[in-house]
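Heads up, the thing below is written out as structure tokens.
All chains are identified by letter, namely A, B, C and D, in their written order; residue positions are counted from 1 within each chain.
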Amino acid sequence: MQFLSDNAAAVHPAVWQAMKDVDAADAPYDGDRASAALDDAMAMVFGKEVAVLWVATGTAANCLALAAMCPPHGAVACHREAHIEVDEGGAPGFFMHGAKLLLCGASDGSDHAKLTPASLAATLDPIRNDVHQVQPHALSITQASEYGCVYSPGELAALDAECGRRGLGFHMDGARFANAVAFANRPPAEVAGPVDALSFGFIKNGGMSAEAIVFFDTALADVVRYRRKRAGHLQSKGRYLAAQILAMLEGDVWLHNAAAANAAAAEIGTACGERLLHPVQANELFVALTPDERAALRAQGFGFYDWGADAARFVTAWNTRAEDAAALARAIAGL
Amino acid sequence: MQFLSDNAAAVHPAVWQAMKDVDAADAPYDGDRASAALDDAMAMVFGKEVAVLWVATGTAANCLALAAMCPPHGAVACHREAHIEVDEGGAPGFFMHGAKLLLCGASDGSDHAKLTPASLAATLDPIRNDVHQVQPHALSITQASEYGCVYSPGELAALDAECGRRGLGFHMDGARFANAVAFANRPPAEVAGPVDALSFGFIKNGGMSAEAIVFFDTALADVVRYRRKRAGHLQSKGRYLAAQILAMLEGDVWLHNAAAANAAAAEIGTACGERLLHPVQANELFVALTPDERAALRAQGFGFYDWGADAARFVTAWNTRAEDAAALARAIAGL
Amino acid sequence: MQFLSDNAAAVHPAVWQAMKDVDAADAPYDGDRASAALDDAMAMVFGKEVAVLWVATGTAANCLALAAMCPPHGAVACHREAHIEVDEGGAPGFFMHGAKLLLCGASDGSDHAKLTPASLAATLDPIRNDVHQVQPHALSITQASEYGCVYSPGELAALDAECGRRGLGFHMDGARFANAVAFANRPPAEVAGPVDALSFGFIKNGGMSAEAIVFFDTALADVVRYRRKRAGHLQSKGRYLAAQILAMLEGDVWLHNAAAANAAAAEIGTACGERLLHPVQANELFVALTPDERAALRAQGFGFYDWGADAARFVTAWNTRAEDAAALARAIAGL
Amino acid sequence: MQFLSDNAAAVHPAVWQAMKDVDAADAPYDGDRASAALDDAMAMVFGKEVAVLWVATGTAANCLALAAMCPPHGAVACHREAHIEVDEGGAPGFFMHGAKLLLCGASDGSDHAKLTPASLAATLDPIRNDVHQVQPHALSITQASEYGCVYSPGELAALDAECGRRGLGFHMDGARFANAVAFANRPPAEVAGPVDALSFGFIKNGGMSAEAIVFFDTALADVVRYRRKRAGHLQSKGRYLAAQILAMLEGDVWLHNAAAANAAAAEIGTACGERLLHPVQANELFVALTPDERAALRAQGFGFYDWGADAARFVTAWNTRAEDAAALARAIAGL
């Protein structure tokens, strides 16, 4: 009964079928019909014109999008718990040629890894126009956040106003964007808000090896097209990646899968009660648990990561079995 | 009847099956059993200890291997027709942080895009130890070469002696290594020769999205492991890539596929006679054809690329139909 | 009466003279006799073989030395108040191609910006051998520290043991190394301790435009020679830089100048008493002063920087006039 | 009697005096009065608004200017004999993060290292909009060229039209711009033509350590200001660099010095007659001389570089003695 991560879940049957369906080549790289269909398919999701590029990892999606917004001598403002800072093995420094991440927000989790105009200002205002300090060129936020929490449209609008005022591009790491949309129960365009580019994750949610970079500022896509090639991310059989994304969009597989993962998390969350360190708004749970309690859960066959000394993280996936979620909920309630 | 490229050919059935077989996750990234099995499977091919990493493109394979051999302030010697110089969109500059390619060899095709100690020396000797010039740290050759020609063990040994004398790492771009082995009809270890790292291509040869970097100098793999992550090339569901490579190795699918492509090329080559610009030793043909002759072939339904003003390139693939190859051979013979 | 910085002080007469003395060219770049004399002159200072390269700024000295120790995919551990982190405009990211700084130590000044094995371990131990995290390859400390405090030989030895255990190169930012030596009243080799490379600052201490990178691991110099050229820091009339350094070393100008600056700081420090936030061990003072008190000092003609809301920083220089230091001491005592 | 290079010539007395005159600090970095005066002083030279930054080397000047015009994923078109390609130790790759140089023009010297719309097109047209090829973002030419030849206003206008048509920034490496102006005997603005940025060299022409980057597109200066800091090229005592440039501009020292060097070269050139490989339009001579002839000249005490197997390069400087030039002219005439 694994709650370690949604990172390794199986591939959804519709994705398999779509990949088989493009086996007959029509063109290499992204010249195929499936790749060409991405823009329109995604425009339907967001109700506006977009340009879409596939890549194989969320790390590449995030870093390629940011590199198009931020020159090497600049910086990207992000939360100090952001995945791009803490878990991508230095990839932002590589893709952005040494551009810096300017870390904002709380270090104690009290802001649920969500930024505000005030937490941005605390980091950015003191260095403004100082030639001895790198200057911010973009803001990157995570939706749902690293603690599984969702920005509201109002919160996004407030950050967008900061971007406008400060001249920053606006990027959203949406590794779990589907989960955020499923929670918010609003149109995807509202959950993405006014960002210039969205790393729209599919791999954790039933895909195999395809994430989409969705450019609302379509001029950025023309830059990233060259940078994707340069980063070794332009696959010659790209049709298999495009097919994955199209399969996830068709019939809203992405939304159904995310809703299933969220529902499992919600059920477990209810059982956690006061133990929850953050509200459960996606498919991650951060739960206060003593070492003994964690050992007891593991003894019952549950897999999960420790989160510091006194807590644990549980992640549900699109294919988490209902009985496993129920079992975990009971086990935690019974501690 | 397409002879444009082997880049977009369909995926081999054994590869599809192997991917399905690993659908049940055992671990994310490269912690899965299939990824762990690569070293041993490849050691069987080469008859010695190796370390193997999967990546999604040949560009990434080449550049990650070279970046482990050459510091940013250095250079890689390669043929001036090398794929890393002419077709990778600046990827070597990106992965190696501005390290330079030192171009060697003939510009008129007369050396079949193969390097020799003499052509290396002509470029490298004049700049030796000059602080105003970047210094070479690695040599990269292509097997089979960009003109579809194969280095013999003796030629490889001569270049290896140069690497030893000059203190260079030795890399082989093996996008069509399988075709070279099938042509040479020798053990893979002899066709790879004494290189430190080999980019072993599978995608052109029946794979979907997995190339192998084979490190004979296994210490390099420990560096590339970190650089692969940093480049956004560590896929969370890496088991699907590992499975592709294992499927290609099992039962020598890689060798059978390459032999089939080579045979088709050989048949066409025989029909080309004096028109051949380079010997046909793999699955590429470079053929002197006037514009009118090319138009005539296209009118008969053959797809291929022009190669300069007076020639064309034809590429066969693992799944080129025998009747298509025969038809092309007849058509060229009948010009 | 300026106590803003030692950064802009006049050039010492001996330095002027030495520059004039090399006006007749003997060779360009660093092929001149003065440049060639640096290794021996500095070997006399440290009592052991060293290799010395001149550069025009401390930023370049620090970053070139670190880039020779740390590959692009790695990281440098340093104090979170280190100049390379807070004041060099992203230069480490540029010179090290996106390698990361791993920040260690206290954020409240309580460790006087000096690192310890424990503060290193707190940052480095949790990420050890995790492919999703950049790994440290070097340690950089500042002597005297950013708060003007001096590492003892014992403290340096303890850090060196950590470097050995963790496989790290060891670098010292010695922008105010002269002041540290003058304070410690020990041989320079003991104040540098067991580091592999030292950025030995002369510009704040009476030079014009020359800092020395002193390599105790002389193999690093061969790397930096190429990187210096590549960074546009190999000046064609390098003899004027070499002459500056030789002039500072001859007759211990560097030590006398630093002692003068330290003495002025010490006099002011005595007057500060309990107001001192850090012990005065070099030529910088960090002094608790209310906004009103700072305004009062400025009204008397003293120039200095605020240090947060409730303190000020004063810096003395080699040519600080005794009467100015005395006046400031009196003014502070009289608050 | 040295004709090796103008790189190491002595510093002009007016430059020494100006440096002494700014010894009393008014501000660090480029906040001083001399640095602030550069824009106006240079605007007088060119008769239009400009923004000027000092740096210590021509390599830094060229690379910082180009890095502001060309993103890392792009390329700079230049002559294949350009200094940025052949003599800067990989600096363009470093400053531009792996952006490529697209080499244009003749490899046999027949175009005197000057580009034309046709030679540009031959390199750039075949790769246009191909995602597998880096795309050009800037053009860099050298005035006077690497063979000491000067672009006319008409030639510059033709290249500028290409830049406009192709969307390229336009940079001029003016390491010997002064010599080009002295030869052309036209206003500096005509000799610079319509470029966006000029690396205006002073070091070869009587300065010590200061080159000027002159931005006609002043927005570029705001970018380079940050990049200069990041590259370790923002010197804390920048006033000594600014003073050098101001001294060279005042009373047209730069032009008088260049005219003197040109006159010496012209005198020697007349003696060379048919031996000249390129017209003498600045202070460099490329002269057909057999090995025996070169040995004979060296035996008479003349220093110079070989230029391939059958020629030599002679360079005059601002302080070349008239008797030395006359002696060399006689010696060559007498061969």
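Simple rule for what comes next: contacts are C-beta pairs under 8 Å (C-beta built on N, C-alpha and C of every residue); 3 or more make two chains touch, one makes a residue touch a chain.
Remember, it's a predicted structure, so these values are computed and weren't measured experimentally.
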Interface with more contacting C-beta pairs, comparing B-C to A-B: A-B
Superposition rotation for chain A onto chain D, Cα-based, multiple of 5°: 180
Interface composition of copies chain C and chain D: same or different, split at half: same
Centroid spacing, where centroids are CA-atom means, of chain B and chain C in whole angstrom: 49
Distance from the mean Cα position of chain B to that of chain A, given in whole angstrom: 34
Two or more partner chains touched - positions in chain C: 29, 72-73, 88-90, 93-94, 97, 131-132, 134, 226, 229-230, 234
Arrangement of touching chains [line / ring / star / complete / other]: complete
Interfacial residue positions of chain D with respect to chain A in the complex: 29, 71-74, 97, 131-132, 134-135, 223, 225-227, 229-230, 234
Contact set on chain D toward chain B in their complex: 72-73, 75, 87-90, 92-94, 96-100, 131-134
Residues of chain B touching chain A in the complex: 2, 5, 7-11, 16, 20, 23-29, 32, 55-57, 59-61, 63-64, 88-91, 93-95, 203-204, 208-209, 226, 229-237, 239-241
